[in-house]
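Chains: A, B, C and D, in written order; residue numbering restarts at 1 for each.
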Amino acid sequence: MELIFEKSKTGRCAADVPRSDVPEIALETLIDAKYLRDDLDLPEVSEIDLVRHYTNLSRRNFGVDMGFYPLGSCTMKYNPKVNETLAAQPEFTSLHPYAPDSFAQGNLQLLHTMQRLLGNIFGMAEFTLQPAAGAHGELTGVMMIKKYFEHKGEKRRLILIPDTAHGTNPASGALCGFETVTLRSNAEGGVDLDHLAELMTEDVAALMLTNPNTLGLFERNIEKVAQLVHEKGGLLYGDGANANAFLGKTRPGDLGFDVIQLNLHKTFSTPHGGGGPGSGPVGVSAKLVDFLPIPRIVRKGQEFHWSENFPLTIGRVRAFYGNFSVIVKAYAYIRSLGAEGLIRASEMAVLNANYIKERLKAHFELPYDRVCMHECVFSGRRQVAESGVHTTDMAKRLIDFGYHPPTIYFPLIVPEAIMIEPTETESKETLDRFCNAMIAIAREAKDNPQKVKDAPHYTPVSRLDEVLAARKPDVCWKKP
Amino acid sequence: MDYCPHTQADTADMLLQAGVGRVEELFSDIPDKFRLKKIPDMPPALSEQETAALLKTIGARNRQPRLTLTGAGAYAHYIPAVVGHLVGRAEFYTAYTPYQAELSQGILQAIYEYQTMMARLTGMDVANASMYDGASAMAEAAVLCARISNRNKLLIARSVHPEYREVVGAYCRANGYELEEIPFGTAGQLDSFTVLNQIDDTVAAVILQSPNFFGCLEDVEQIAGSARAKGALLIAGFTDGTALGIVKPAGECGADFVVGEGQSFGNPLNYGGPYLGVFAAREKYLRRIPGRLAGRTVDKNGRPGYVLTLQTREQHIRREKATSNICSNEALCALAAGIYLAALGKNLRKLALLNVYKAQYLKSKLLQLPGWKDVFSAPGYNEFVVTCPDAQAVNEKLEQEGIIGGYELAPDYPELESALLFCATELVLKEDIDQIVRILK
Amino acid sequence: MDYCPHTQADTADMLLQAGVGRVEELFSDIPDKFRLKKIPDMPPALSEQETAALLKTIGARNRQPRLTLTGAGAYAHYIPAVVGHLVGRAEFYTAYTPYQAELSQGILQAIYEYQTMMARLTGMDVANASMYDGASAMAEAAVLCARISNRNKLLIARSVHPEYREVVGAYCRANGYELEEIPFGTAGQLDSFTVLNQIDDTVAAVILQSPNFFGCLEDVEQIAGSARAKGALLIAGFTDGTALGIVKPAGECGADFVVGEGQSFGNPLNYGGPYLGVFAAREKYLRRIPGRLAGRTVDKNGRPGYVLTLQTREQHIRREKATSNICSNEALCALAAGIYLAALGKNLRKLALLNVYKAQYLKSKLLQLPGWKDVFSAPGYNEFVVTCPDAQAVNEKLEQEGIIGGYELAPDYPELESALLFCATELVLKEDIDQIVRILK
Amino acid sequence: MELIFEKSKTGRCAADVPRSDVPEIALETLIDAKYLRDDLDLPEVSEIDLVRHYTNLSRRNFGVDMGFYPLGSCTMKYNPKVNETLAAQPEFTSLHPYAPDSFAQGNLQLLHTMQRLLGNIFGMAEFTLQPAAGAHGELTGVMMIKKYFEHKGEKRRLILIPDTAHGTNPASGALCGFETVTLRSNAEGGVDLDHLAELMTEDVAALMLTNPNTLGLFERNIEKVAQLVHEKGGLLYGDGANANAFLGKTRPGDLGFDVIQLNLHKTFSTPHGGGGPGSGPVGVSAKLVDFLPIPRIVRKGQEFHWSENFPLTIGRVRAFYGNFSVIVKAYAYIRSLGAEGLIRASEMAVLNANYIKERLKAHFELPYDRVCMHECVFSGRRQVAESGVHTTDMAKRLIDFGYHPPTIYFPLIVPEAIMIEPTETESKETLDRFCNAMIAIAREAKDNPQKVKDAPHYTPVSRLDEVLAARKPDVCWKKP
C-alpha cells in the first residue's frame, strides 16, 4: 500500500483548527526567529483519505478478533469488549494526572482496590501499578532488589537466570548493572538444583525465575529452589508473565517469591495494541515494601491520596502513575470474573494446552513429555531431519490456514521450538481445527515440502527479506 | 462472567483426551502444601451489566473538571474523532507485537510512518517505534549516552520536568552513573556558559527540554555547541509535542538524541497513561538505540513490505547485551500519534499558534491581577510561570468552580515560592479566561 | 469544516478538463431568477472542536434520568458492549444497501441470520430484512392483508399501542380502508367472542399485540381461531421483544403475520429512533410481503452466498405495483438485533424471567401504597397498569428525583383515569424500587 | 462462512444476565402455561466466537471507508467520524421517547433548530423530521397531498411521475391509493412539456419531480413545469434525494415545489448502515403546514414542547419522533459546514461529476451530453454491441479494481445505464484512478471480453445465482 506521505497533497487537511477568539500576535514579536522552524513536513490528506488509509492498513493486520492467536508466552486471550467501553468513559479518560485528589477519588479508589486484589490473588504484601509493561516491571523489581541490598550494606553483583528465561530477564538485570549468570535446566525442564546450589553464592542478589517457565512447566522443586536462594540471603524474583497458569491455584507469595511482576496485558485480558500499551504491576513481600516506587496511594478513612513520603523508595520509573486506562480494563476483568472465574480461566487455559499437547505429540517431537501448564512446547526437529522443512516454514504455512502462528524458536533451549499457548477463551472446536491444520502441515511437510517452504500463499506480501532490512536499514521514509 | 466457552461435555472430552481424570490433576506439579484453598477476600463475580454499573459508579466518584489549566508534562488537547475510530479497529488493538510480518503489514507500515513523522518533527534521522513515556525515553537515552561515550556522569537541566529528572536518576543510580543538575538562569533558560563550565571529561551527555518545564524555549543550538566543545552528547527533550508545530526541532540545533512525551499527539490524558515515549536519534546511533524498529524491505516477489528490523539489538536475541530490556512498547499510542499528525498535517502549525495566543491571553489577563508577576523572560509556548500572593488559595478558588488551576512549583522548586505554572491550549476559550479572571479578582 | 479535498489547483485542472471557466457555469441550467444569493439565516461554519463543544452543550441541556420506569413501546435494556463494537465496524455502517452481492456478503449473511432469528422468535416461516419501526410494520401488514383478502376493513384491538393505531389509521386512510377498534375486556385482554362478533365479511384482518400496550398477554390462539372462523387474517404484534424469551410466539398460535418493534434487541432508546420494524409471515405470503429479503444461493463455483432476492416485489422494479414503497430500511438496527440475540442466545429466557420478577416486585411494592390499585388481571410481562390517587403528582415527585415515572394512560384512554403504565426491566434494581416506594410514601 | 447457527453449541453464551435481586417466582404461578413457549432456538456462542463471526463478516463487506463508492442516486459521500461520536453520547442515546419535555430540552432544541435550518436551506415553510427514510418521506408527503385535496373537497385520482423517476415515487403514490401516470422525458432528458400539458388535468393531484432528475440533469423548464401543475390546481412534489446538487445554489421552495422530502443519509452525510437507518424529513410550503404529521415541536420562549394539537394533521407515520440519532449526525454536519461549506459541497459534487463525464465520454456512450449536476449517466450499449459485454459485467470488473460499482440499469430510460455519482468528498486523484479503471475496462471489453464477463475474480464469492435464489427462495435457515 502507498505510504500516507505518498498520498499527501499540499493544501489538504483532515483536522481543522478553530479560529482564534483571542488576539493573534505576530509570532516573531513573541519568539525570536532562531527558535522557530522553517518547514513542517507532515502528510496533508483529507479525512476520507486518512480514514481509508488506516482502515485498509488495519485490514492487513491480524488480531485476536479475527482468529486463533496461539502465540506462546503472550497469552493472547480474548479482550472483552465491555472493558474497552468502560475504560473509554470520559470520566476516566479526561482527567489530568495532576488533578487534585479531590477530583480523582474514583480513580484512586480503583487503583487502590486493584492493588489489594492483586495482593490477594498473588499473595504479595503490596503492589505498585506504575510500570508500563512486563519488562518495565522487571526493571522496577530489580531496582528494588538492588536498593534492598544497598540498604543492607551488601554489594551483590550477580543475578541468576535460567536458560529458559525470557530475554527481558537478563536484559533487565543488565540494565541495573548486574552481571547475569545462566542457570541450567535439568532433564525434565526444571531448575537444575545442583547447578543452582553451585552458583548460589553470597554474591548473588537474586534468581529470576519464571514459574511455570517458558516450557510451560511448573517448577516442582520450587520449595527447594526458594530455600537455596534464601539460605544465601538472595531474593527470589518471579516473572509473572505466565500467571495465567495458576490463578487461584497457588500464589507466588506462598511459594517464596519476594518480588513478582505481572503482565496485565496477558493474564488480565487487556489487549496488546499491536505491541502495547501494557501494564506491569510489581508485587513485593513485606521486606521490600519500603523500596516501592513513588508515588503510592494512601487511604485515610474513605479518602484516598497520593503520597511521595517514602524515604527508601527507588524513586520513579516513569512520570505520573502508570498506564491507568489499561489498569481500568484489567480491574473490570477481575471484577467480572471474581475468584471463581479466575480459577476457571487458569483451569481451562491449562486444560486447553494439555489437550493440544496430547493431540499433537504423535506428529511433532515433544521434548518434555509431562503434564504442562498453560502452554506446551514442541520441536520441529523431526520435520527438519525428514524433509528440510523448518519450524518457520510450518509457522508461515499456518497463516494459509487462517491462524496466527505460535511463538517459534523460543525458548532457546528447544531447537526449532514451537511454543503454543491456546488460552482459556478458545473452544474445543477451535483447538480441534487448529490441531487438524498442524497435522495437515506435518503431513504436507513430508508429501509436499516445497508448498510449506513457499508459504504463506495468500497474504498481501509473501516472506520478506529480513536480511536486506537489517543490512540496509530503511526505518524512515525519504522522498525518492 | 468468565469468557471460557467450555461446556461440561467439552471439558469431559478434553480431559479424556489429555489422559487425566479431573482438572485438578493437571495442577499436580504444584506441591500440595502450596495449593490454594481459595483466593482470600475476593468480591464475587459480576455480570456484564453489573460490571458496567460498578465502573460507572466509580467513574462518577471522580469530579469532571470544567477546565484544566495544568500542563506540566500532560496536555489537554482536542482529539479529532477519527483518531479514536481508527485506533479502535480491532485488527490493530487486538494484535500482539508484529512478530509475523505477513500478518502485520498494517501496524508495521503505520509504525514505519510514525517513525518517519517523528524523525521529521524532531529534525532527526531516525526514530524508534516508541518507548513507555517521555521520562523513561529520556532515561534510556541517558543510559545509552553513558554507554556510547564510556563516561559516567550525566548533566540534566533543572528546568527539565522534575519527575523526568527523578526517572533519569533512578535509571542512572541502577547503573552506577552520576547525575548532576544544571541550574537555570533568571530568564528561565539554561545559560550556555554555565553549561560549558559544568561539563568535564566524565560527562556523557547534557540533558535538557525545550520547551522546558516552565514552558520556556531553550537555546538548544548554543547548548549543543557547549556540549560538542567538551565531547559530550546532547539529549534534547520536549514537553508538549504540539510545540513542534512552530519550534525549531532540536535535531536542527545539533542534538544527538531527541526524546519526549508524545501524549499530546492524539492520546487522551487518561490520568497519566498510557502515554508515548518518543525517541529519535542520529543515524549513526541506529544500531545502539533501544526499542523496536519497523523497517521497509521487499518480499520474495519484490513487493515492498515492512518488518521489525535490527532485532539483534533487542533482548529476545541479545539478552543481557541488548540495547535495552524493552519488549512491549506503546504501539497503539504511536498509531494514535501517527493518525493525529496525519489528520492535522500542516495545521499543526496553526494549532501551535493558537496555543501561543491562548497562553499569551491568559498570561496577560492574570498579570493584570493585583500582586501577580511574570517570572521568566525567555520566550515560551503554551505554558508560563507567574507568582501570585497565594498560590494555594488561587487553586482552591478555581477548584471550587470545577477548574484545575496551575501547577504549584514550590514543592519541586523551593526557590520559586508561590509560583504557578499555567497552561492554556486550544481547549481554553476566551470566555473561560475572562471568567477565571473574574473568579480570581 | 467541509470535507472536500479539492485544492485550488485541483479545481482549476478539473474545470479545464470539464471545459468550463468557473464553477458557476456548471449551474447555468438553474434559471437566473431562481439562483440563490445566500442561504438566509445560517450560522457560520464550525471547526470540529467547536462542533463537538456545541453538541456537548446541547446534550447537557438534557437531563439524564437516573432511572426510567416508562416502557410503552420503547424499552430501556442493558446492551452488551459487543453490540456497539461490532455494529461500529465501518465496513458495515458505511455501506449502502447491498446491491452488489459480491462486495456485501457480510451484511447479507448477517441479515439472512437476522431473518432466521426473527422467524424462530416469532414462530413464523419467514421474516424480512426490516421495516422502519414496529408501528409502520404493523401498518404495512394491515394494508397488505386488505390487498390479499380483497376486503377493506381492519379491526384493531384498543389494547394496541395508541400510536401504532394512529399509524395504522393513517396508512388505512390513505388507501381508503376502514379501521375499527376492538374493545378490551376487564382483564386487560381481548375477548374472543367479542372479536368473533365484530368480524364481518368485509374484515381483512384482526390486529392485536401480545404483550399488549398494558403489558398483558393476549390469548392469541383463541383470537386467531375467531379470525379464521370468519375468514379474516390475524396480525399479531408485540411490545417489548424480550418477552419472546418466554412468551409463546404468535406464529405458534395461528397468526398470519407477526410484526413488532425490535428496539429492545440491542438498540438504544435514542429518544425514539432509529428503531427496528420486525415483519414475519407465513411462507405462502413470501412473494407479497414488503421490504428487502436476503436469500441464500450459490455462486458460479457452487459456494454458498447471499443476495437480495425476490426484488421483483420491490419498488425499483415493480414501481407502482410493488408490495411496498420501502427502499432504505433499518439494516444496521437489524444487524444490532442479530448480534444482541446471538450474544444472549438462550439467556434471553433468563433475561425475560428477570424482567418478570422485577415488574412483579415493583408492582407488589406500589400496591402497598395507600390508594394504589391493580387494574388488569391478565398475566403480564414487564409492564402493568395501576391506578393511584394522583397520577400526575406521582410522576412529578419521581421527576424531582430524576426518575421518569409511569406512562399516564388517561390522555389515550379516558376510561382509565389516573392510571399509570409502569415498566421494570433488568436495569431497575431492588434498591431503586425500594427507594421509589419511599419517595412515594 | 459458516452461519452463526452452525457455530452454536448448547450451554454457551456471550452475554450473561445478572442474578435476580428480587424474589424469583415460579413462572407458571404468574402466567398460565398456554401463554408460554417451549423452546427458544437461538444460537449459543461465546463472546470470542460472536466477535470473530461478525468481525469476519464485516471484512466481507465494502464501505465508503474502504474505497470509492460512486453509487449513482445514493450520494455515498464520506461520513465524518465526529458525527458518529457526537450522536453516540449517552446524553442523546439514553433518553426515552416519552421522557417528559423537561428532560429533553437539548433534544428538542436540536430538532427545532434542525427544522429551521432545513427550512432556510430549502426555502420551505416548515419541516417534519419524522419519516424514517426517503420513501417514508414520500409517503408522508403524498398523504399530505391527499389530505390537502380532501380538505378542499376535491377528489383527485392521479399522480404524474416522469419516466426517469425512482421506483419509490410511483410506489409511494400507489400506497396512498393514487393511480400513477408516467410522464415522458424529452430529448434533452427533461420533462416533455407538451406531454405534461396534455396529462395535467384537474384529476391530477401532483407531479412528483426529482430535480435534478436521475439523469443528473437540472430541469431547465422548471418554472414552466411548476406553472403547468399549479394552473390546474395540482401540487408540485419534489423528491429531494438529489439535493446534494444544489445546496445554496437554488431552493425548491423558490422553484415552486409545494412538498419536498430529503434524504439526510444522502445529502447530509449520515451513513447508510448497509441499508439504513436513514431519515427522510419532509418540508412543505405554507399551504400544507396544517397537514404535517404529529407530534410537532412548539417553542415557548426558551422552552420547547411537543404538541399534538393540530386538527388537520395526517396523523402519524411512525411511532415516536423520527430517527433521532440520524438527525443528530446531520445536524452536526450542517453546523460544521455552515452556509459556505454546504455551497462548496454542491459545487465540488457537481464539478466531480462533470469531470468524470468529460473524462469518460470518449469511452462510453453519453446519452445526454450536456452539463450535468452531481451525477452523470452513461450507457454500456456500445460495449454490448461491440463485444457482448454488458454493463453488469463492467460493473463486476470494477470490483477487481477495488471500486464499488456505480448504479446500473437505472434510470430505466437509458439502456444498459451506468450512473456515476462521485460526491464532493472524493479527490481528483481518486476520480482519475477510477476513470483510468473504467477506461481500462472499456479496452478490456474489446480485447479480452471473457475476462470482463467472468468478473469479479478476487471476491470471497463469484457471481451468485440470482435466478435460483428467486425460484427457490431460502430466506430463513433450516438445520439440514
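Going forward, contacts are C-beta pairs under 8 Å (C-beta built on N, C-alpha and C of every residue); 3 or more make two chains touch, one makes a residue touch a chain.
The structure displayed is predicted, hence computed values, not measured ones.
J.: Could you tell me which pair, C-D or B-D, is linked by more C-beta pairs in contact?
T.: C-D
J.: Could you work out how far the Cα centre of chain A sits from that of chain C, in whole Å?
T.: Whole-Å distance between the two chain centres: 46.
J.: Using mean CA coordinates as chain centres, what's the chain C-chain D distance in Å?
T.: One centre to the other, that is 19 Å.
J.: Where the centres are mean C-alpha positions, what is the separation of chain B from chain C, in Å?
T.: So the centroids are 48 Å from each other.
J.: Residues of chain B that contact two or more other chains, please.
T.: Residues 1, 3-5, 10, 46-49, 52, 80-82, 84-85, 88-90, 426 of chain B each touch two or more of the other chains.
J.: Could you check chain D for residues that touch two or more other chains and list them?
T.: 9, 12, 15-18, 45-49, 51, 55, 59, 64-66, 78, 80-82, 84-86, 425-427
J.: Report the topology of the inter-chain touch graph, choosing from line, ring, star, complete and other.
T.: Contact pattern: complete, every chain touching every other.
J.: Give every residue of chain A touching chain D within the complex, in rising order.
T.: Interface residues on chain A, with respect to chain D: 7, 9, 12, 46-49, 51-52, 55-56, 59, 64-67, 78, 80-81, 425-427, 429.
J.: For the complex, which residues does chain D have touching chain B?
T.: Touch list, chain D to chain B: 9-12, 15-19, 45-49, 51, 55, 80-82, 84-86.
J.: Going by the contact rule set out above, which residues of chain C touch chain B in the complex?
T.: These residues of chain C touch chain B: 48-49, 52, 78, 80-81, 85, 88-90, 426-427.
J.: Where on chain B does chain D make contact in their complex?
T.: It comes out as residues 1, 3-5, 7-10, 46-50, 80-82, 84-85, 90.
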